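Input: a single structure, listed below in structure tokens.
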Amino acid sequence: MASAEVLSRQAMANRIAMEFEDGWVVNLGIGMPTLCSNFVHPERQILYQSENGLVNYGPLAVEGEEDFNLVNAGGQYVIPLPGMAVLDHADAFALIRAGYVDVSVLGAYEVAANGDFANWKLGGRKGGGIGGAMDLAVGARNVFVMMEHTTRDGAPRLLERCALPITAPGVVTLVATTLGLFEVTSEGFVLREIAPGYSPDEVQAATGAKLIVPQDLREFQQGHSP
Amino acid sequence: MKSKVYESFDAAVADIADGSTIMFSGFAGPGTPRNLIAALLAQGASGLTVISNTPGSWGDGPIDLKALIDAGRVRRVVAAFTAATHPSMRRAFDELYEAGEIEAELVPQGTLAERIRAGGAGIGAFYTPTGVGTETAEGKEVRSFEGRDYVLELPLRADYAMLRAHRADEMGNLQYVHTQRNFGPIMARAARTTLAELDGPVAAAGEIDPNQVHTPGIFVDRMVVVPADGIQEGARGG
Amino acid sequence: MASAEVLSRQAMANRIAMEFEDGWVVNLGIGMPTLCSNFVHPERQILYQSENGLVNYGPLAVEGEEDFNLVNAGGQYVIPLPGMAVLDHADAFALIRAGYVDVSVLGAYEVAANGDFANWKLGGRKGGGIGGAMDLAVGARNVFVMMEHTTRDGAPRLLERCALPITAPGVVTLVATTLGLFEVTSEGFVLREIAPGYSPDEVQAATGAKLIVPQDLREFQQGHSP
Amino acid sequence: MKSKVYESFDAAVADIADGSTIMFSGFAGPGTPRNLIAALLAQGASGLTVISNTPGSWGDGPIDLKALIDAGRVRRVVAAFTAATHPSMRRAFDELYEAGEIEAELVPQGTLAERIRAGGAGIGAFYTPTGVGTETAEGKEVRSFEGRDYVLELPLRADYAMLRAHRADEMGNLQYVHTQRNFGPIMARAARTTLAELDGPVAAAGEIDPNQVHTPGIFVDRMVVVPADGIQEGARGG
């Protein structure tokens, strides 16, 4: 395991972004998922949507050139792209619920083998932070998750069933973690791609659900950022 | 017709009574009616119910809802966040809420927006797919339409809405710029009295293209232009 | 009855328009009610709203100067006023249902003593024409009706109960007919003002409900068009 | 990304199958997609369900829905009018409807708009006060919220929406002018495929102010510019 190294956040983000198809409307959750927009596929046009009312917004604004009235859902200043459109909050979520978002990439605390995931409330706390996650989870045509494979304490985040209150039942189909790429199927988690230097047994040991390891298991595909 | 332009923020908020329900626009900064909030803080109304995306920012930004909460003016919060997603981010709100000294209703953000929209659209209730199978649907009616489950949600209305807009004419027609828009248009319609603070001076009627009005003036009651030395967007809020 | 003459449509419209208060948002139904906008009270600003998406539109366009994309709910070409705003159909009816229209003036086939009225379906027909009438009837803060006092055959239109399918129950509070002005109260129709030359008995004879005739019955107030 | 601009109306409607459900914008003329309707008439699709404010005009105007109905292409109509308010105004539709040869669902206009809006907003159903106590609420659930009765109404969706807009950019962002807007924005969101005919040429991306987009391009699939010799608004429709 000397040569084994967990995947970087950008590597995970690139791998998720490789799934985006030409013309897709993509919503990126706060934090790690926003890194997906750094991956640019030269032949595919992606339209980034933000639930605070933007369609087709651009990259982060350079410091000193921010428009203080133009932020993404993470509160980061972004720049407009030609052909951008602005909506109010009701219309922004209407389009999410109506299925116009092709993929929502979200962070999570836990993902379960049945596609449930949890990302809004920590155990033992009274409050929670839902934001737009529940709407995106039920509205987007695909829900992909990016997260560390385990908690800081080493506890698995891929589980048979979520322990934390869930964000939506049965919606996640693809998960990128620091150890690989996991497809959620009706049989449970399938390990599609694995971090270089890791063995399936090592990944299974860090996972709280039974992994299906297919014959065509591949090494984690490393997209490169331009 | 009485002018909708007020000379001061103090005058615009003067009649707001204890116990009022107030909607506050704003998402991560843009659209937050910071000058109206500052005036309301000085005015002293308490026991407020506030409806907003968050109960104020987590960081050290310019004034927002957190100032009213910290000052003990708020009795109840309806918001899409009642805790930050990271436990290290804590505000006075979190302490008060966990201690039971402030009430809160946590609502998924799209449901929050749709409930406000329903309140300003005369809709009695609606069914949304959001939250089905989660804690937020507990105790609520769940019903199936065309094979999919939806949860019943009720409209939100308010005594007042406060928002920030970019441009206005004397009829009260408003335009917002970029993501300053967010909750402004729907809150203006859901509240009995709408107060708008404005980036720029009030134009004569006819100077805004009727096709480009974001909030028609019939939804706007009081407008105050933010002076040059007023609170401007730019320093970050939550 | 030699000197008695039924009220003109414009006289009825003027009388209704005299009720409009400064700053009111007014929706005028197709036909007779549109005549209300000819009455201009010099000290009151009225905002005319049309359910096809206009707020604060102006008078009919002069022939040859029409904007072919600017019509009121009756399909008539109108001109914009300074400060006009355009909405889509959902937003236009949202504001109606939410109570932002201070008065809706509608035509009717029948009005009943309990405030019901009927204006969308004739007896014996399969189809009907509702348009925006049902939304206006339940949404507007006040519903006023303008209509001929009787049908072409002389049958009364003010009735104890509507015979035709109703548009909304219990919403009408004021009716101007060719014979007078009627308030709908919890006791039934009160004859407030009467057409010059008519006697209360004559009006009662042409009416299908018991009229309350108050001591302070006045002659029909003649507003004048500018 | 594939261009949304089609060279001809015929090409834009070529794949529309018999039995499709189609929403048509337009109110008393403005917004009516007359050139798309003409192409659809020539294309020949039949057994259509049409959702529109009216089943076409009463008078002798330029082509609109009445042409499809007169040609026997329409199986079912959802509209706010299934008869004119005056019995002297009769169309082929009225005869067909009374003879039972065409189905129709009569919906109050605001409910029609709200059902279309709900269809494009992912709402499962909603309660409206409109129609309570009338024939249109018969057989429907009526329920009380805060002491007022509301009737349950279901969303409307469609395979196609057809509308007319004033200006577009190559991303499909649309602007309407005045009351041309009417049902366009809500129908574009409620249909799987949206076809827009345009008053003017398609601008480059970036030429429309993002704050002034009435229908974002993600809702628009096919655009055709109406040529100078195409059907223009102006002669009256119903």
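First chain written, first letter: the chains are A, B, C and D, and each begins at residue 1.
We adopt the following convention: contacts are C-beta pairs under 8 Å (C-beta built on N, C-alpha and C of every residue); 3 or more make two chains touch, one makes a residue touch a chain.
In this text, all values refer to a predicted model and were calculated from it rather than measured experimentally.
Q: Could you run down the chains that neighbour subunit A and subunit B together?
A: D
Q: Of the other chains, whose C-alpha centre is the longest way from the centre of subunit A?
A: Result for the farthest chain: C.
Q: From the C-alpha centre of subunit A to that of subunit D, how far is it in Å?
A: That gives a centre separation of 37 Å.
Q: Could you please state the distance in Å, as a whole number, between where the Cα atoms of subunit A are centred and where those of subunit C are centred?
A: 57
Q: For subunit C versus subunit D, what separation do you get between their C-alpha means, in angstrom?
A: The mean C-alpha positions of subunit C and subunit D differ by 29 Å.
Q: Can you list every residue of subunit A that touches 2 or more other chains, as numbers and ranges?
A: Subunit A, residues with two or more chain partners: 80, 86-87, 90, 94, 96-97, 139.
Q: Which residues does subunit B have that touch at least 2 chains other than itself?
A: In subunit B, the residues touching two or more other chains are 114, 117, 121-123, 128-129, 176-178, 181, 210-211, 214.
Q: Touch graph across the chains, line, ring, star, complete or other?
A: other
Q: How do the chains pair up in terms of touching? List each pair.
A: Listed in label order, the chain pairs in contact are A-B, A-D, B-C, B-D, C-D.
Q: Name, in rising order, each residue of subunit B that touches subunit C in their complex.
A: The touching residues are 1-2, 117, 119-123, 169-171, 173, 189-190, 204-206, 208, 210-211, 213, 216-219.
Q: For the complex, which residues does subunit C have touching subunit B?
A: These residues of subunit C touch subunit B: 22-23, 25, 45, 47, 49, 55-56, 80-87, 90, 94-100, 139.
Q: Give every residue of subunit C touching subunit D within the complex, in rising order.
A: 30, 50-54, 67-71, 73-75, 80, 86-90, 92-94, 96-97, 119-122, 125-135, 138-139, 165-169
Q: If we count contacts the way the header does, which residues on subunit B are in touch with subunit D in the complex?
A: Touching subunit D: residues 114, 118, 121-129, 143, 145-146, 148, 150, 154, 175-178, 181, 210-212, 214 of subunit B.
Q: Under the touch definition given earlier, write down the residues of subunit B that touch subunit A in their complex.
A: Contacts found on subunit B: 27-31, 80-85, 87, 94, 97-98, 104, 106-111, 113-114, 116-117, 128-136, 166, 176-186, 214, 232-234, 236, 238.
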